[in-house]
């Protein structure tokens, strides 16, 4: 702005909170020079629901429904993170069948979440059809969830001590059928997008996230793996029973939007693989261990993290021996991932900014909680 | 000149040809304005200060909208004008090309090449580069 | 009839032309210029120059004025800021020009032009094309050089580096 | 036979018999104007519905279903609703320019229809400079978009207006150049003459002599009509709604109307210049009226445009520009030079 | 490095900066002196044996009743060495006092947002913070620090115990 | 029938408007617009003479095409200069520009 | 060379994309035309909450034990109880459910030991007056009349032998419930029958899709 | 302007005017009801269900003639889908104000109705959208099923169909 030679006035624009590509209620104040974005300042908190405050006033089992709402695209994983942390806090052993069911659900939800991401990402790039295809598959997964726990989005499925419901008997055939057709659906997406020159041009080399920046900003999940870091908590710090399954961690090379896309698409296949293994190896037996409403974990604190679809999700629970947590801090992936946007988004066109935002897979309730 | 052009126009026809354009212009403008007028009869009109404010994603506008734009748009317009002129010259040439033959081709090649050189220059200079 | 159309067009041209030079808002001026040039295209039609009319619209409306609007946007001298749009002497200038106009009109009406009796319209494109390729081939090629120079010059001038 | 020409001829004769020549012109101009306006409106209504249906079925859904049979009344309902929609003008807007932008946009799209041959003899005026006329008159669209973008006094719309202007003018050059090849072969700018020359079997169509020209034309025309993948001026995800962010009600509807009219226009040009206009692909199919052929071909072309839209992502503005200048323009030049040599050699 | 050796390593290497260290549920936890907070973090990041280049979590806890202050808890880890540890520091504060501490933004930029959140929700001031605006709450929020225990405000309804 | 004089007078008026604009406008873009008006008046003259004096050869029209082409080139360069002026001096008002600064 | 390769692969992939959308054009839509076709709600659906009544006597099953109100994370349930002097049984005089705060988590159903409260597959309860969203006891009972359910107690009794503790009994009650889901489907409510025909379709399409 | 509100009174005076009025009224209402374009504006979990899943193939808003518009200027319906915080409330009001009349609001889910699960112990959530904008239809649920949303839309359509001609022309805000 100050250099006379370059005097093209910069335009200060509010992008959001109601903007089609901010995926909810995020506001980006951007400074643009023509089409180029020179400065980004994210404003969040439009969805700050004070869940951490609420947690201090809920019994441990009562808090599970709230975890659904922290990451509504991947509620199962959010449930999982919480119950794993709570069980660790109270040293609760859970039946093996429950572990398997949890893994099946978590991985299915990972698929669903990645599908939502794919949908919104492609619609950010202007392609509407993949959006609807992805949602079509997501519906199939939601059917599975619905028949298991009765809800389509806020499952409240995992409980401290196991899972809330056993799977019904029509679950398995439907799941197997889904697993059978799903790879061909992924092929459809790939045909539509992966090598489409327009798509390539829109994503290759766009929003490159170097490893170092990713480290500094604690980026996690597929966005981190897109930058070529082989880091997945399912492998690095296996929780639940992930060490029993055989799956790969896809990683990218450049760290651009295309890599992040590719990583997620491969994770779809990997997750399907895990689900298949889990359903094959599903043991019988009990599926939950009753934990009373006024469950009192011993005094102490626990920090436990899991790999949610968007990255590292962790619960830091401090218990003072009462049925209610003393303090609960929820660490979410989007909170950290969004912070790199101002770094990797500048000096791109506004269209790229949209693509980058989409490729990072930010979900606002996770940021705001 | 091929036969089909001969004597196709009379004075009135020439005028009449474009009289249509003129009258259609009136029809078009009339149609739109009448629609607007008609809509104004049946639509509500309830302005309020916020409604009349510019939309900016649910926030109040941050700064004035009329501001200086990036020069890149301008450079494209500039190249466009030059090439538009060229197109204008190409049209009459194309019509008579077949009857004039090689000579016309060479002339036009020279013309084109000079401009293609211009394009190449612009390319090289990075004028076609947005960023 | 033709005369009627002529007067309508002339009115459009003159009024919009006047607005071009008097309007405060330069963007409005540009729009008026478009209208004015469109009117001139109408005049060309009356003069049986249909190709020229199309060129006028294509080049002036679609090209030059757009370029001007872009230039306006790039230079940001629009509403809002208090800027003077005229220099100090619009009135003397107007007077001088009025006298010039009267002089011109008088001389036009006094002159007896040798008007050819019949003005048959003819398809102009082919004739123009033929003429360009034969009689006017040199100016034709020169135009391309001019355009090239303009292109290069304009880019050199307008690029920021 | 369902040819419409005799009907119009009869009407013309009738008019000639009762009115002086001057009034015939006036009356027929108004008459044809009204007819074309009606036809265009019907087409637009149909296209909007059709596009929604096509897109829906491509995405395995139904699209409008509940307003009339399979939602055929949907667009009409939309139109009537838009009539009732409050039409607001932002306080800071440049009111007159704001009002006239949709007018210009609509008129520019509408005027092109003066010289589109809908069938044998079904052309309002076979202008001598036909194709040039269409190109010239549609440049007003740029003006209208700039007006809309500027007058709204909104940043998104200003950006959208600038973008679309830059886009349209950039693609205008390859578009015009791609037509030169056809004109070189046809030696005329008149739409009718071009169609007449493509009589007979379908291999007489110019698309087989000008494949490159056709490709360049079609891509450029898609961009001219602001259709995906070149719909950056309206890019919903980036600019909310581009130049018409602030427009509501009927004013917005006019932009919308014009967009779909333009879709038909570019299809009509493609059909006229490259696909033999109203001619049947084979002489023995001539029993089907010419206008049906023309409209059928147009619909096919419109379908392809829709198909593009619902398949591809959107390109970025700089890529769009680069594509126009660095790829399409050279390609158009190559086409001209090849055609030049081709005509000379054969 | 496994947790045990990490615990030992840090205890030996940085003994003058920490008050104590223990193993909690398999993770080394260290109590840090508030004035050494930033420097220790920086060292842990740069030490090639720890390489704590990422933050897993960063919490503030209102321990005013129990320990007489706020606690900052940060969990840091290394992608490369795959180990993590937790650092804690106690900022003494009573009632409505606003404790102060140097910002960690210079060590890990990701803590900027965490600290902004803690600042507005708990009322902890981070000195030299590069961007001390509100994060979650609206700019014109004026009802104090809602995450402090016992906070009440307008429109705040405590769940009735049935 | 509109006669040659009609056109000539129209063109004269247009020309004078152009000159007036040239003299009174301060905005450089406005000045260029005025110049365009003058070009157009000249073109009207060309075409009118061509039609009325010598209708068979379209010399006037061909000249007009050239004029339009040159006008486009002129506009391109002229506006480029305006943009440059604006960039260097932050003004587009001609009389503010002190050429000694160059 | 690179340009040629890029162009050809580009064109190929563009056409591939077109092909994908084109072949979908002829697939049957997966859409459920809602008011005419309905999704078959699974047995465990957690939609609107109802109070169950005894099919024979028509009385509410609820004994106003307050367990549900305690379990509810959002305090959506308000109960006032009275003791019937004759039968010595508690019964609710007031049972309101605030659906505007309820999060349909199902914890109340899990907490209730008397088959009195249930989350059902009903979902059409939009209103234009917000006060109607505070469901009173009568209303809850009314919408719950046609809801079939399996008595937990009976199941629990069966399970009791295996696990004497009440908690575990409740949990294993789930399994019989799941098993009987099939039979109950037919008569669960009238709507279900109408939608039976169509609701299966989206699933059945799976294999066809693949072969294409 | 606003003539439409006076029209019925005039029409009454001419014979058959009453029928004409009702027909016009029906036509206008029907068109408004069948073309409710909703604003692309989701807040939280409910947005996924109410806007995205309902708009996707399985439930398909388009069947009702409902399409999304990004700009409030072209939308008729605001589906408040999700948790409305105080911070967002101000913006929501602006957006609502910026929609041209006729406009409708559907409050979807517990949060939009009354704060939902965030009613208690929560310092940042607004307890009900109806505190700031008038709401036409409330959908209970958390989140409501897509069918519920469709049902709410049908209800809204019914409501629109019953509107009096000129209702929106009255100059009261």
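Lettered A, B, C, D, E, F, G and H in written order, each chain numbered from 1.
Keep this in mind: a residue touches a chain if its C-beta (ideal position, glycine included) is under 8 Å from a C-beta of that chain, and two chains touch if they have at least 3 such contacts.
No experiment lies behind these values; they were computed from the predicted model shown.
Graph distance from subunit B to subunit E, where chains that touch are one step apart, equals 2. Comparing mean CA positions across the assembly, the chain most remote from subunit F is G.
Set against one another, C-F and E-G show the most C-beta pairs in contact at C-F. Computed centre separation for the pair subunit B/subunit G is 59 angstrom, with centres defined by C-alpha atoms.
In whole angstrom, the spacing between the mean C-alpha positions of subunit B and subunit D is 14. With centres defined as mean CA coordinates, subunit F is found 33 Å away from subunit D. Residues of subunit G found to touch two or more other chains are 14, 17, 20-21, 24, 29-31, 33, 70, 72-75, 103-104, 202. Of all residues in subunit H, those touching 2 or more other chains are 28, 40, 56-58, 60, 63, 70-73, 87, 91, 95, 100-102, 117, 119-124, 142, 145, 168, listed in ascending order.
Contact of a single residue of subunit A with at least two other chains is seen at positions 5, 7-9, 11, 13, 17-20, 35, 45, 48, 50, 53, 56-58, 65-66, 69, 129, 132-133, 136, 139, 154, 192-193, 196, 198, 349. Residues of subunit G that touch subunit H in their complex: 29-35, 38-39, 47-48, 73-75, 98-104, 123-130, 133, 202. Those residues of subunit A that touch subunit D in the shared complex are 11, 13, 19-21, 32, 35, 122-129, 132-133, 136, 192-193, 196, 198-199, 201-202, 349-352, 354.
On the side of subunit D, the complex with subunit G involves touching residues 54, 56-62, 65, 307-308, 310-312.
Put simply, subunit C touches subunit D in their complex at residues 1, 25, 27-28, 31, 34, 50-51, 54-55, 57-58, 61-63, 65-66, 69-70, 73, 123-126. Within the complex formed with subunit B, the subunit H residues making contact are 1-4, 28, 71-73, 91-95, 97-102, 168-171, 173.
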